[in-house]
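Letters A, B, C and D name the chains as they come in the text, with residue numbers starting at 1 for each one.
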Amino acid sequence: MRVGLIGLGRMGRDMVQRLLRGGHECVVYDLDHAVVEVLENEGARGARSLAEFAAMLSAPRIAWLMVPSAVVDQTIAEVAPLLAADDILIDGGNSSWRDDIRRAEELRSRGIHYLDVGTSGGVWGTDRGYCLMIGGENEVVERLDPIFATLAPGIDAAPRTPGRHGEGERSERGYLHCGPSGAGHFVKMVHNGIEYGLMAAYAEGFNILRHANAGTVSRDADAETSPLREPELYRYDFDLPQIAELWRRGSVISSWLLDLTASALLKSTDLAGFAGHVSDSGEGRWTVNAAIDEGVPAPVLSAALYQRFSSRGDAGFADRLLSAMRFEFGGHREKGGQRGSGQ
Amino acid sequence: MRVGLIGLGRMGRDMVQRLLRGGHECVVYDLDHAVVEVLENEGARGARSLAEFAAMLSAPRIAWLMVPSAVVDQTIAEVAPLLAADDILIDGGNSSWRDDIRRAEELRSRGIHYLDVGTSGGVWGTDRGYCLMIGGENEVVERLDPIFATLAPGIDAAPRTPGRHGEGERSERGYLHCGPSGAGHFVKMVHNGIEYGLMAAYAEGFNILRHANAGTVSRDADAETSPLREPELYRYDFDLPQIAELWRRGSVISSWLLDLTASALLKSTDLAGFAGHVSDSGEGRWTVNAAIDEGVPAPVLSAALYQRFSSRGDAGFADRLLSAMRFEFGGHREKGGQRGSGQ
Amino acid sequence: MRVGLIGLGRMGRDMVQRLLRGGHECVVYDLDHAVVEVLENEGARGARSLAEFAAMLSAPRIAWLMVPSAVVDQTIAEVAPLLAADDILIDGGNSSWRDDIRRAEELRSRGIHYLDVGTSGGVWGTDRGYCLMIGGENEVVERLDPIFATLAPGIDAAPRTPGRHGEGERSERGYLHCGPSGAGHFVKMVHNGIEYGLMAAYAEGFNILRHANAGTVSRDADAETSPLREPELYRYDFDLPQIAELWRRGSVISSWLLDLTASALLKSTDLAGFAGHVSDSGEGRWTVNAAIDEGVPAPVLSAALYQRFSSRGDAGFADRLLSAMRFEFGGHREKGGQRGSGQ
Amino acid sequence: MRVGLIGLGRMGRDMVQRLLRGGHECVVYDLDHAVVEVLENEGARGARSLAEFAAMLSAPRIAWLMVPSAVVDQTIAEVAPLLAADDILIDGGNSSWRDDIRRAEELRSRGIHYLDVGTSGGVWGTDRGYCLMIGGENEVVERLDPIFATLAPGIDAAPRTPGRHGEGERSERGYLHCGPSGAGHFVKMVHNGIEYGLMAAYAEGFNILRHANAGTVSRDADAETSPLREPELYRYDFDLPQIAELWRRGSVISSWLLDLTASALLKSTDLAGFAGHVSDSGEGRWTVNAAIDEGVPAPVLSAALYQRFSSRGDAGFADRLLSAMRFEFGGHREKGGQRGSGQ
């Protein structure tokens, strides 16, 4: 099929390559013409303006956006006037599902179909395929099936679940029509919320292993510091890269994130190249907000989110207030940040 | 090699089968003679008493315990007198590492070598192999290498981590000498702590998806209840078995636990066969205790642990106290548990 | 001053009584005419309709709403057409500050001034006074100063903070103009978020004391249950009413909520009259949402909120999924909810 | 009565002053002779050695220790040989209750009575009185009643709980015999655990208020950063000292800790004199450990504890691992710690 891609960052570029490999025709556009040129050399048809982009697609057009969520609305405002009734506009980025509901309604009045497609796969997607979570009208999703099938990993990417037989449903091939507008990004949002939780679980566990030598480190013995009751229990110097590798086979906690952890630790045991300021790109926040709106508890996903906030220093004032209270009631003076943040 | 197994529950029995298949000679013992007989029929040599068990092993003996952690000490007390200097006693269950340190010391005085081996793999281990986390003296671990190699999954159980070459270290084959006595169970403990966190992350995420239809459920509008601000955002009826299947391919959160989740949801979409009283067998608690001893934060692993406590109703009095306070300051009367626990 | 009150529930009625005692003239209205009559007998002027209510107030009118947050917009829609330019409409309930911003703007176009007043004090306010958190135009807040001064507790309600001298600012008398529209309810929202956290801290602490006899309760010893390592440490039967009373004097954790806890426990040691289904009325949720929007961690306030969700059984599906996973990987069968929720 | 005090730090010195004022005879000892001299000038009898200390007390002696928990055992080892049968040794510091159980047993064999007395009150105790939580033999506690009565705040320190009449139980005067050995420190431990939770609740709340201007601060709009959806909702510059003061009167969250917060914020609005490295002196850790041993959830108290750990930078490696994973799967590069820890 012929499909247009707007936004050729990391993800967009990789997806075009996978589509080209799959035999699709790709029209591509980006503000950065250099990256357009790169993809032209790989077989894509490059546009230098949105007008050109729209012209190069045959009606009914398929325009797939892969731009930062903060500029999706603005991009739609520029592209929509260039589209015609029955064209399809896809947001493949990390928008909030609430924006999808609004956008679908706005575009519907012009006769334009809107799909939201949550896309997981990161930098590995070109080869590994993308997991696609799709929201929108059923008929439109059907129409794009060949595109989705190419982008998705395919049924061989994992052993079949016991009890599943035959040709395999779409979910088994790595893509799914999750429901009406917003459903795709809702599922992707929860996916990322879970991802935060999984990552934090590994991070906390490895941190506990790393500090298992606490009994060999001396601590002050004063009224401000709790002595380690049984230092003889904490005298292990664990080899974290080996342990990450170990758990990849046969253990209950093997996963793709563990594979990546093993890879990262093999490159650098103490990860000294990272400062530990962990970004969050929105879905984790929205997941917690959704849990609260629904009134269901999400303590693990929230704790994972807050750890990211804390990693960036945003608890600073709260921490100072704790120290201030301790000084007020007990005359406790702060100790000099005795454990450096670099440990 | 010849190896003796004491404790032929779920795990013990499966391990014997894998060892037999790997060409080892197994001497087996259990209080339940019926299970001994079963394994005799599969090629093991069965003992009817611990004395017989010890006699059937040739010195230096290898005796591997797979019994509940609560009875390990008692079992050792019965077995140790039947062993001789240079024999090896292995605890393959879920003991706390602090017990290992004590036991190793006690047995050392009799010349008996003690190894602690954290074993992950569950009911799948016979075929999939066991991930083995080993603590104890280096020379003794070396001696048992053929046993460990047979029980472990082997290098082909996962794609190699980029950067790893050659024949492969033990960690790549699924077993590792983690350090001195206790190191094996310490690593296994943290492994299980992580497992709790991973499981809770998936559970919370799927729970949020399940309640994504909150906007179609009516809520009371009174001073005790917060109305859902935007019910139009929560009108999705997600197909959880399909979503679990979907995420298995190409997504960042694919894992073995997700494979199992997909399998469980395929069997029963609403999991009505489970009451939701989640047990915990100790390692999650010890992991949090270790984090606290070390002074490192473990909010995600703790939240996962507490969710299990709460699932069993142990917050009851705390909840009643909250209601009592609300009544005291605001005259708030409890609403009738308006959302059943079965939702 | 003459002031009109709409909504004579628990809070509204008490506030009218305090205003009457303070020498103000009160015009009152409620759908329930019986409660209007009660207040007429105490000196208020009762209205049988909103039109009558508006007519009984002299311009510029002051109309104070004390209705559930779910019906504030509807009430405003009915009242606003009966008001004139320069009249003042006050929402004294538990609205979200985001609604205040919208409402203030809508009413401004009609020349009506809107104030949001977060009101704390519960059933004790008539005698103890109300803590008032006010948002809106400065000039309008000034105009209502006599009303606020009467409702607030006054400077003698607490010992002065060291360093504060002279006549005392409004904050010392228990009311404060916090900022523009929404500021009052924002501060009240955070106030309630903190309240959730404080309540949960006490509830968890008393729950730990209550279970300090865990060592005298027998536990099963099987692979599903972690034995209590040192039962001899948990053999206390604490007298919770006495401990709550004890902490009221001289301790760091004395507070008004502790006073109420002592009162509740004195009435009933085991609080058997409560089921432990804890409501939440919105502000706790909004506080967490605000923290997330701001990107600052709020682990304690979130945990307190989730505990309320859990107390109502909304983790049910998540818990069942945890049990299902455990069954899948380890063949673990659920134990029969061994600790009743009533403990 | 005549009572001996060992350890004249902040707390010990203040307690001697209160005892002297109450008409008791105090024999005092400290390694630092200068502070002994200071108290001699105020009427105490100073000892220059432990032997002298023991000699100056008449049998049966009362020796009260106020030393850091890390050196209690060593101090007891030095003092006990100087005591005789029926003498009383009191640990008034912050020991773990598990040490009390052991010590009481050890001292019992010499005929020495051991009491554990959890003491709350901080630097304010001299004037405000101390809240005393006492564990040990009933007869011994009775014997010391005059001492406890003097140290405690007395019944007038708080309004009586409705329903309490007559002369008042000890709990109403601020001291309580909580149970056998360890009971005093167990109750004190939970008291401090609650204290952590209360402090964190206020700290998080004020932090949310402080960042309520997030909508006026510009954020980057890229794939790594979630834009603030509705910046117009976060444009408040709250006056935190005024809000702390406000809440002290009439609100549900008034407390002694809030009084101290108001005092701290009045001195310094941004608390710039504090770095925010919050110490923890053991009881918070033990409280969480106890909750876990008992199998009851303590999410709020744990979150409060972890926040203190995080404030000291001990999540560093965990955070770096999160960044490393994000780089592995998504090529995400860390942003430069965009929000300084000083905000």
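FYI, a contact is a pair of C-beta atoms (placed from the backbone, for glycine too) under 8 Å apart; a residue touches a chain by one contact, two chains touch by 3 or more.
Quick caveat: nothing in here was measured; it's all calculated off a predicted structure.
A.B. asks: Which other chains touch subunit A while also touching subunit D?
C.D. replies: The shared contacts of subunit A and subunit D, listed by label, come to B, C.
A.B. asks: Relative to subunit D, which chain has the most distant C-alpha mean position?
C.D. replies: Result for max centroid distance from subunit D is chain A.
A.B. asks: Compute the distance, rounded to whole Å, between the mean C-alpha positions of subunit B and subunit D.
C.D. replies: 37
A.B. asks: Approximately how many whole Å separate the CA-defined centres of subunit B and subunit C?
C.D. replies: Spacing between the chain centres: roughly 42 Å.
A.B. asks: Provide the C-alpha centroid distance between subunit A and subunit B, rounded to the nearest whole angstrom.
C.D. replies: 28
A.B. asks: Residues of subunit B that contact two or more other chains, please.
C.D. replies: Within subunit B, the residues that touch at least two other chains are 122, 200, 202, 204, 207, 211, 229, 252, 256-257, 263, 285, 293, 295-299, 302-303, 306-307, 310, 312, 314-315, 318, 329, 339.
A.B. asks: Spell out the part of subunit C that touches subunit D in their complex, as residue ranges.
C.D. replies: Checking each residue of subunit C against subunit D gives 97-98, 101, 120-122, 125, 128-131, 133, 152-155, 157-159, 161-164, 169, 171-176, 178-180, 182-183, 186-187, 190-191, 193-198, 200-202, 204-205, 207-209, 211-212, 214, 228-230, 232-239, 242-243, 245-259, 262-263, 266-267, 287, 290-291, 293-304, 306-307, 339.
A.B. asks: List the residues on subunit B that touch subunit D in their complex, please.
C.D. replies: Touch list, subunit B to subunit D: 252, 285, 288-289, 292-293, 295-299, 302-303, 305-307, 309-310, 312, 314-315, 318, 329.
A.B. asks: Which bits of subunit D are touching subunit A when the two form their complex?
C.D. replies: Going through subunit D, the ones touching subunit A are 9-10, 68-71, 94, 96, 122-124, 199-200, 202-204, 206-207, 210-211, 221-227, 229, 256-257, 260-261, 263-265, 268, 270-272, 274-282, 285, 299, 303, 307-308, 310-332, 334-343.
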